[in-house]
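Here subunit A shows up in two complexes: once beside subunit B, once beside subunit C.
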Partner chain A sequence: MQPEPILRIEKLVKRFGQFTALHGVDLDIQEGEFLTIVGPSGSGKSTLIRLLVGIEEPTSGHISLRGKRIETLPANHRPTCMVFQSLALFPHRSVGENIEFPLKIRGDAVGPRRERALALMDLLHLPQDFYDKRINQCSGGERQRVALARALAFDPEILFFDEPLSALDFRLRKNLEKELKDLHARTGKTFVYITHSLEEAMLMSDRIAIMREGGFEQIAVADEIYAKPVSRFVAEFMGEVNLFDVESTGGGGLQGSGLEVQMAPDQLLPELRVPQGGHGALMVRPEAVRFLGPGEAADFALDGVMRAEYALGSRTQYKVEAGDGREIAVEKLREDRFAGRSGDPVRLGWDQGHCHMIVEE
Partner chain B sequence: MQTGRAARIALYLYGALAIAFLYLPLVSVGFASISKARYLSFPIKRYTTQWYGKALESHTVNDLLWTSLTIAGIVTVVSMVVGFFGALAFARYHWRFRGVFQKLILLPIFFPQAVLGLALLMWFNFVGWIPDWKSAVVAHLVWISPIATLVIAIRAYSFDPALEEAARDLGASTWTILREVTGPLLMPGVVSAGLFAFLLSWGNFPLSLFTTGADSTLPEWLYAKMVSGYSPLVPTVGILSIATSLVLLIIAYGISRLLRSGRDRRQQADG
Partner chain C sequence: MERHDRTMGLLSALPVLLVLLLSFAAPLLVVLAFSVMPPKVFDLAHMPDFSAYGVLLSQGYHRSLAWALGTALASTILLFLICWPLAYAMAKVFKRFTLVITVAVVITLFVSENIRLFGWVLTLMKGGLIEGHLRALTGMSFEGALYNVPIIIFGLVYVYFPFMLFPLVQGISMVPDDARQAASDLGASKWQVFWEIDLPLSAPGIVVGSLLSFVLAAGAMAESKLLGGQAVIVIADEIETAFTYGQNWPLGSALSIVLILIIGSLAVFGVSRVDLDSIMGRGR
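Now for the complex of A and B:
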């Protein structure tokens, strides 16, 4: 049985004039969880987080924190806190004064305030002599840490993040993603993180919620979302994917998009079955597709011509043109790269254990 | 290389001419105030400081200085307060009639001051207010407080709204946000607006002419004496007027530096 969630969202709606940004979303967030909300621009994720921290008021619906309704509470009366996209550090205050701000507002004495700020600076690997440094003298990564320390000084029940790493360079972002994950483990706090970066979501989160047009498309752990998306949108949003429109030909048979498979009914995995006459999108990720050698077999196979090769660092991606003109993506580790050249005929194959069927109405 | 040097010389010459164009009239007023002769002519035959002595002893000049200072002082303070909140309404917050407000607040700046002065004089007569220095304060405010609002609004436009949201999110009330975040961040704009307001009011002639009634300000007196009764006391009072505004600007700058360092010290002590 699931424990009582720390935050429950029920039928939350937000309208701006004629435009509906959120269409009655429901979500339970468990205590200590790292939940990431991912979605394309305009999907409503920033609106949702602004409602959750109390900067905006919902049009209708409920938000409950530990069972108490908070949707009408203003932001300064909620025990939650947010790290803003712009970080929103006060430029007229030093690093130490920024971190101490929530403690000052709370009326804490000078000594304990400073002590807490220095402890948080230590936790976030900020040197102690940064205490008197001006914000405009700090680098992007240092500012990021100051914003985090300030939010932690507030000691929130839930810490929200609105794409705080989006403005940083790749290397720094990668480091901070790992640090955030470590920080979550060390503090045990509930983190709700918003991003449009799939990699960020995959690296840090316990669960991922995919948003689309003001609603949740799928909420699940990262592996499940990646391997078993509920829709084409989620499948494509979670990275490069090959989707084949197929229909059942009865028993263990599937046909369409250049594929034709006829297996014994008990051989085809149950999760790949489509009702008789029904349609589905057979999904296989590029890393699960193999180049088949002569005499090599696979559950699914098709012939094509090598068209392009893209080096992705540790991996290489290939584009293969299938017989019906569609492009199939294949990804291999650098050491397993394809030996041929562009224009060579190739045979691709994959096993049903690496496939997922998105059944369509 | 030769071309470069020629261009540099031309540039220096241009700069020197521009500075001469701007400051020679002021310098000549200075010379007029220390010339023994009634009217300025070069070369000056005899120098004197007697006009400064006379000006400082003159009750009339002291009254003029006091009236001008009072008007400019009140206009400065009120403009800073009105401009601060006006700028928030103008640039920071979204509200229903913001567009109308933005246009209305700009209008007085574009009115010719003489027309504005005449309109205000007619209005004061209509409401039965006999014009004096207090009505001049109102007149100056009608023209200067929109300018102060604009000066502070420029600062407010560069203000990231997320700063106030973050402060609220961290537990601050509306008043605390104003005191701890909005106020300090807009303060450079408020100080600039105050300086502008003082200088515009101190040197204002057209509005004062229509609205001071029996009272008189320094620019009005200078004009009146130029029209009739000129003596070297006129340029002397002009120089004293410039000196006063310079001294006040230096004092204001010193106060703002003191306030800033005091705030820093307080914050360090708090910290």
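Now for the complex of A and C:
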């Protein structure tokens, strides 16, 4: 049985005039988990987080923290806090004063407040002599740490993040993603993180919630969302993917344009079957597609022509044009790269164990 | 290259600098020189003495100075209290309506200060708009609301309203919304957000608005003359009297110099208290 969630969202709706930003969303967040809400711009993720921290009020619906309704509580009365996209550090206060801010507001004495700020600086790898430094003298990464330390000083029940790493350069972002994951493990706090970066979500989260047009499309652990998306939208949002329109052959098998199904219908895995008369999208990720040699077999195969090659560092991505003109993406490790050239005919294949079926009515 | 740019910059600024020196610094220097001349002389060809400053101390001019600074301070505080909510709404709440208020306030400046004050005299005097109507309609009468200190302060607040309002609007609009939201998210009440975030981050606007209002009010005399009926004599009035009826230019100059020094020190102190770099988030 699932434990009682720390935060429960029920039928939450937010309208701005005629525009509905959230269409009655439901979500349970478990204590201590790292949940990432991912979605394209305008999907409603920032609106949702602003409702959760109390900066905005919902049009209808409920938010309960440990069973207690909080949707009408103002932000300063909620035991939650947020790291803003802009970080929202106070430019007129020093690093130490920024971190101490929630303690000062709470009425803590100067001594303990300074002690706590220094301990948090230590936790976040900020040198102690940064205490008196001005915010405008800190680098981007240091500011991130100050914002995090300030949020932790508040000692929130849930810590929300609104795309706080989006403005940083790639290398720093990668480092901070890992640090954030470590910090989550060390503090044991509940983290709810918003991003439009799939990689960020995959790296850090226990669970990922995909948002689309003001609602949740799928909520699951990262692996499940990657391997078993519930819709084309999720499949395509979670990175490069090949989707083939298929339909039932009547005998329990599958058929699709240009796709060779090289196995008997009764060998098809039950989760890949499409109901009689129905159709679906057969999904295979680029890393599961192989270049087939002469006489080499695979459960699914198709012929095409090599069109382009893109170096991705440790991997190489290929674009192959299939017979019907569609492009198939293939990814190989650098050491397994394709030996041919652009324009060469190729035969691609993959096994049904690497496939997923998105059934469409 | 940088040095060359600087030289060119200085050279191109030279004509304006000379005009400024002639039009601003020269009269000040003349006033300064007259302030150390013997009483009632009209040229500078005399041995300097400080008798004008002695008169200033011995003849109770400090009272006029105190009235000027006191009414200026009171009006500046009142202006801040009155303008803050409106400025906040103009900067953060009203949208197109802000323009309507801006135009409405600016239009009042198109009419001369004296005419506007006479309007208030006609409104508030015995037999004026308010008392006259009240007497005609109800038979009740009162002495009118003019000729006292509060009405002088009212006049100063009325006249210098735009000089506090617009700098405050500018100052408040410099406060980032997310800093306010973050403070509230970290537990700050509305009052604490105002005290910890709004006030320090809009300090440039507050300082500019307060300095403008205070400096102008401290040097004003139309309000005390027209509305106050000289219930109190302010320093600007004394300066005018010394230069005109008194024919005592050195005394008028000494009074002017004292006023300039006091207001100048306050201005320098006020501006030095604002760390614009940290508020704007600029590196140093």
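Convention: the second predicted complex is superposed on the first by the 354 of 361 C-alpha atoms of A that agree within 3 Å, B and C clash if a C-alpha of one lies under 4 Å from a C-alpha of the other, contacts with A are read in each partner's own complex, and residues count from 1 in each chain.
Everything that follows uses one rule, which is that a contact is a pair of C-beta atoms (placed from the backbone, for glycine too) under 8 Å apart; a residue touches a chain by one contact, two chains touch by 3 or more.
Please read all numbers here as calculations on a predicted model, not as lab measurements.
Chemist: With the two structures overlaid on subunit A, would subunit B and subunit C clash, or do they fit side by side?
Modeler: They clash: once the shared chain is superposed, the two partners overlap in space.
Chemist: For A:His92, decide between first (touching subunit B), second (touching subunit C), both and neither.
Modeler: Touch status of A:His92: both partners.
Chemist: First (subunit B), second (subunit C), both or neither: which does A:His125 touch?
Modeler: Neither partner.
Chemist: Residues of subunit A touched by subunit B versus by subunit C: which partner has the larger set?
Modeler: B
Chemist: First (subunit B), second (subunit C), both or neither: which does A:Arg69 touch?
Modeler: neither
Chemist: After the superposition on A, what does A:Arg334 contact: first (subunit B), second (subunit C), both or neither?
Modeler: neither
Chemist: For A:Lys178 in the superposed arrangement: first (subunit B), second (subunit C), both or neither?
Modeler: After superposing on A, A:Lys178 lies clear of both subunit B and subunit C.
Chemist: A:Lys11 in the overlay: touching subunit B, subunit C, both, or neither? Say first, second, both or neither.
Modeler: Touch partners of A:Lys11: none, neither subunit B nor subunit C.
Chemist: Figure out whether A:Asn136 sits in contact with subunit B (first) or subunit C (second), or with both, or with neither.
Modeler: In the superposition, A:Asn136 touches subunit C alone.
Chemist: Which subunit A residues contact subunit B in one complex and subunit C in the other?
Modeler: In subunit A, residues 53-55, 74-76, 80-82, 84, 86, 88, 90-92, 101-102, 105-106, 150-151, 154 are touched by subunit B and also by subunit C.
Chemist: Help me check something: in the complex, which residues belonging to subunit C touch subunit A?
Modeler: 176, 178-179, 181-189, 192, 196-197, 200-201, 275, 277-284
Chemist: For subunit A, which residues are in contact with subunit B within the complex?
Modeler: It comes out as residues 53-55, 74-76, 80-82, 84-86, 88, 90-94, 96-97, 100-102, 104-106, 110, 113-114, 131-132, 150-151, 154.
Chemist: Inside the complex, what are the residues of subunit A that reach subunit C?
Modeler: 53-55, 74-76, 80-82, 84, 86, 88-92, 101-102, 105-106, 134-137, 150-151, 154
Chemist: Can you list the residues on subunit B that touch subunit A in the complex?
Modeler: Answer in residue numbers: 160, 162-163, 165-173, 176, 180-181, 184-185, 267-271.
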